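Each of the next two complexes has chain A plus one other chain: chain B in the first, chain C in the second.
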Partner chain A sequence: MEVYSPEGLRADGRRWNEVRNFKCHINTHQNSSDGSSYVEMGNTKVVCLVSGPMESPSSGRKPNSSSNLTVSISMPSFVSNSRKKFKKNDKRIQELCIFLVKTFEQIVIMKNYPRTIISISIVVLSQDGGLLPSCVNAITLALIDAGISMYDYVSSINVGLYDTTPLLDLNHLEENDLSFLTLGVVGKSEKISLLLLEDKLSLDNLEKLLAIGIVGCHRIRDIMDQEIRRHGNLRLSKITNK
Partner chain B sequence: MDVISIIRPKVTGYDEEDSDVEMSDVEVNLDKDSGLKTDVVTPGELVTDDPIWMRGHGTYFLNEKTYSAVAGSILKVNRLLSVIPLRGRYQPETGDHIIGRIKEVGHKRWKVDIGGKQDAVLMLGSVNLPGGVLRRKSESDELQMRNFLKEGDLLNAEVQSLFQDGAASLHTRSLKYGKLRNGYFVKVPSSLIVRSKNHSHQLPGNISIILGVNGYIWISKNVSSNFDSTNSKTNKHEAKLVNHGKEYNPGQGTLSIPKLEESSWEIYSDKNDPDISESIRSTIARYVNCIKCLSHCEIGITEQRIVTAYEASMAYENAGSLIDVEVMENIGSDVINGEKMRGNG
Partner chain C sequence: MPKGIDVSNVAKDFELESLKQGLRLDGRKLNEFRDVEINIGNSYGSVDVKLGKTRIAVRISAEIVAPFEDRPFEGLFMINTEISPMASAMFESGRQSDEEILISRLIEKAVRRSNALDLESLCIIAGEKCWSIRADIHYLDYDGNFADISCIGVLCALLHFKKPDITINEHQEIIVHPINERVPVPLSILHIPICVTFAFFNPNDVEENIKGDSNAELIVVDPTMGEELLAYGSLTLTMNKNRELVQISKAGGLSIDAMVIMDCSNLAYEIACRITDQIREAIKADDAKRAEKRLEIRL
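What follows is the complex of A and B.
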């Protein structure tokens, strides 16, 4: 299979700088959570529910130094083609959870939420590459929907390197073939809050990847912002209606 | 470097606004209401770079500039600038009439779930115990706290004060507060409850309702007790609705001390009235579903609207059919249209 053709097209017909179809909704599960979101990046589909801030179950007993943000990811066996069973304490998934907790601890204004916990649960409906980026985007939206104060959006995307060409937003097949970088960017700035590289990459290519990745994240952020505003205006119009 | 993203065309006529353009207005007409953006702000958005504003909830301050921390609308009170989130958990304020559920019995206090960020605290000293207001709390009271209120009990109370971290301290030192019986509990988003002078109302059909500011609602059989409440009807409509002589208005009655003395263990009883008729039960169910309709349509919940929704719901004979999404939306639009017709929509 050809990852990137000489004409400049990828296997799924995108160019190097094209993001997959990005679709997002917030407030999808209004009765069962404080904040919820649904994110689709191409064929990767993720639902995120946030509950909290709420009283931590062991509060008052001892000042627990551990985080008051928890993330859990559940992957049903139908998410990928191989129908593989994912255990609850799968190493890979636990690692993802830790990345997400570390990222969002910095973004949520935790000092506003003393003695409380915020629990985030993610259900992956379909996995076609870019799992971590879609989780980051889904959590950002769900936290905003829950009315939790945070410094800014975090948007995330992955960038791979084919020869010397950076490819934006890899799908599963491309992820298998290329070495890639996942990055999360704070709002419209160039601050990187999440950077993950799991294989090798030559250093002189890094800057190129970061540059296109940041621009890609900004684009994702704009789409998310648009959805939040659309939803917000809808809500506000209903309130003035009353 | 350009990034192209593939998204489906938007159907809604949303046009993206350039926030920078609007921001320049802020300095020009600060005192006018139009000075700040009126539509939704999102996290990380610059609200103002003018240092004269005090920063309230939902904002943060960085490099002399105020940014929004939540998605919501801007609220200004004098020089205080805050952003009200579109959604979020209930934030208690002193004086709120709320409904809560006992979660834990602790040392001289109850922990009460009020749907907020933290559990509220109800001190043993801030409840009325059998034997009148002037009774002193003894050690034996401390030991039998579970006889008054135990885990899972519902009560209505008032927020007495707030702690440093925003947690609430409650009190029930009035006969209108206390344990709840003979009714049904519904939960709606707290943003739908409009703060008003009165949160307990009488509804047609011999039903009373308590709209807790925290979004917890209690609908119960009207307790027709043997004293006349000395309330003054401010609402004409309300006066019209209640046309039976003796009514007990939990939110409006003021009682003399002897009456209080009479209050005994009865107020902490766990027994429902034995004679709640079938019709009362189905009326309660209908009201519950009406409230769910309003909540589904995200219409603010007021006494007037509940009554309107109830009347509209009479078109459906079976109260159970009101949970159908289509029916809920019909009733929601009926309520809105009804208000428009009356000219206060």
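What follows is the complex of A and C.
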């Protein structure tokens, strides 16, 4: 199968710079958590629950012994095509969690929440490429829903390279074939907070991918911002109608 | 970055203030990599590498095993990175800290996933027998930057290692010829990935970093332990001499402008080229020494 046809179409009918269908909702689990979100990037679906800020369960712990932010990801065996058990201590998932913690530690205004913990748990419902980006976007939304103070949005997307053409927002098939860059961008700036590349890429192509990735991140940020504002207005109208 | 050592505020301020003036405590420039010292041991595949005070020993071993069923044409390669408290009291034995997980994943991606070692050349009889190569990294002393030195150490050791020659007889049996009987064969290394780590410091407050556009963040190459303790995040780039990026990993930390990252990668390329040449020279020098010795014995 062709990843990118000579006519400029990808396997799923998108052009090189088109993002998959991005859907997001906040406040999806009102009773089970302080903040929640649901993010869909194409066929990748992720639910994120935030509880906190709350008292640390082990009260005897030193206040700055470790991070006050914890992230756990659970991957049920039905997330991908091949039914496969994911172990809790899978190194790759642990690495993802560390990446997410380190990213959000800088973005959440932690000095407002001393001696408390914020625990974030992510459930992946379906995996079709772009797992890390959808986790980042889901956490941003859920933290906003929980009312936790942050400096700005973090939005994330991946960009791959096919020959000399950059492709935005890869799905699972494309991720397997191409080398790709995952970036996380803070707000509307060009500053990169998260950057991950796992396969070989020519150094001369890096600048191109970064530029397109940043534009993609800004687009995702705009969609998330719209959803937050829509939800805010909805709540406001409910209060005023009473 | 290791946790567990608390740095006093005075020391913190002093270090940050000197970095702002472009000075580092060990006298290096901000963009200067420490000197790498490569010592090659007596047996094939044992290497001792020093990067300033950071020191590791790498040992390669090989044995013949059955390959994985789904990959009958490939040999096995594994890298063992377990940091013991010998390196520094801040590492616990048994439990892996976040930093250890990141380092081991990084080495895995830089060396194994990038196919630095040609696995297909390790196949002996397809589906039945293959070589299994194992690299053990022993962390002897810690003064920052385990990622870069591990990568240099593993590559040196792999380049130096020679596995015993084998023949297959008519009964499909494998005969291993001891090293003193037949000249051993080197491994086939496809490229030499070199890691370069940058640490970030923020001279202003967090808000300036996120909202402002001064890009005043300080960037330091090859951080020592003291610098790692104070840094807000790091970036590790892995490159080879063919201008290929093998791996990039920037796990959160300070947000850095895309253009600054481009500058970092160009600098990393220069450093990677220099270290690659150094590794090659070290291996060549050792080969020459061994050839001389062999000649002496024969005379």
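Heads up, the rule we're going with is that the second predicted complex is superposed on the first by the 237 of 242 C-alpha atoms of A that agree within 3 Å, B and C clash if a C-alpha of one lies under 4 Å from a C-alpha of the other, contacts with A are read in each partner's own complex, and residues count from 1 in each chain.
We adopt the following convention: a contact is a pair of C-beta atoms (placed from the backbone, for glycine too) under 8 Å apart; a residue touches a chain by one contact, two chains touch by 3 or more.
Worth saying up front: this structure is predicted, and the values here are computed from it rather than measured.
In this superposed model built on chain A, chain B and chain C occupy separate space and fit side by side. Working from the superposition on chain A, the chain A vertex angle toward chain B and chain C, CA centres, sits at 130° in steps of 10. In the superposition on chain A, contact is made by A:K191 with chain C only, not with chain B. Of the two partner chains placed by the overlay, neither chain B nor chain C lies in contact with A:L161. Once the two complexes are laid over each other on the shared chain, residue contacts for A:D152 go to chain B and to chain C alike. After overlaying the two complexes on the shared chain, residue contacts for A:L201 are found with chain C alone; chain B is out of touch. In the superposition on chain A, contact is made by A:A211 with both chain B and chain C. When the shared chain is aligned, chain C comes close enough to touch A:F104, but chain B does not. When chain A is checked against chain B and against chain C, the one touching more of its residues turns out to be B.
Once the two complexes are overlaid on the shared chain, A:F22 sits against chain B while remaining clear of chain C. Of the two partner chains placed by the overlay, only chain B lies in contact with A:P53; chain C stays clear of it. Here chain B and chain C sit at a least CA-CA distance of 5 Å once the structures share a frame through chain A. In the superposition on the C-alpha atoms of chain A, the part of chain A touched by chain B in one complex and by chain C in the other spans residues 151-152, 186-187, 211. By the touch criterion given at the top, residues 65-66, 91-92, 94-95, 98-107, 151-152, 181, 186-187, 189-204, 206-207, 210-211, 214 of chain A touch chain C in their complex.
Those residues of chain B that touch chain A in the complex are listed here as 1-8, 10, 12, 14, 16, 39-40, 42-44, 58, 60, 67, 69-73, 85-89, 113, 117-119, 165, 189, 194, 298-300, 336, 345. Of all the residues in chain A, the ones that touch chain B in their complex are 14-15, 17-23, 27, 30, 34-35, 52-55, 109, 112-116, 144-153, 168, 186-188, 211-212, 215-216, 218-220, 223, 225-226, 228-233, 235-236, 238-239, 241-242.
Those residues of chain C lying in contact with chain A across their complex are 3, 98, 101-102, 104-105, 109, 113-114, 206-207, 209-211, 213, 232-233, 235, 239, 243-259, 261-262, 265-266, 269.
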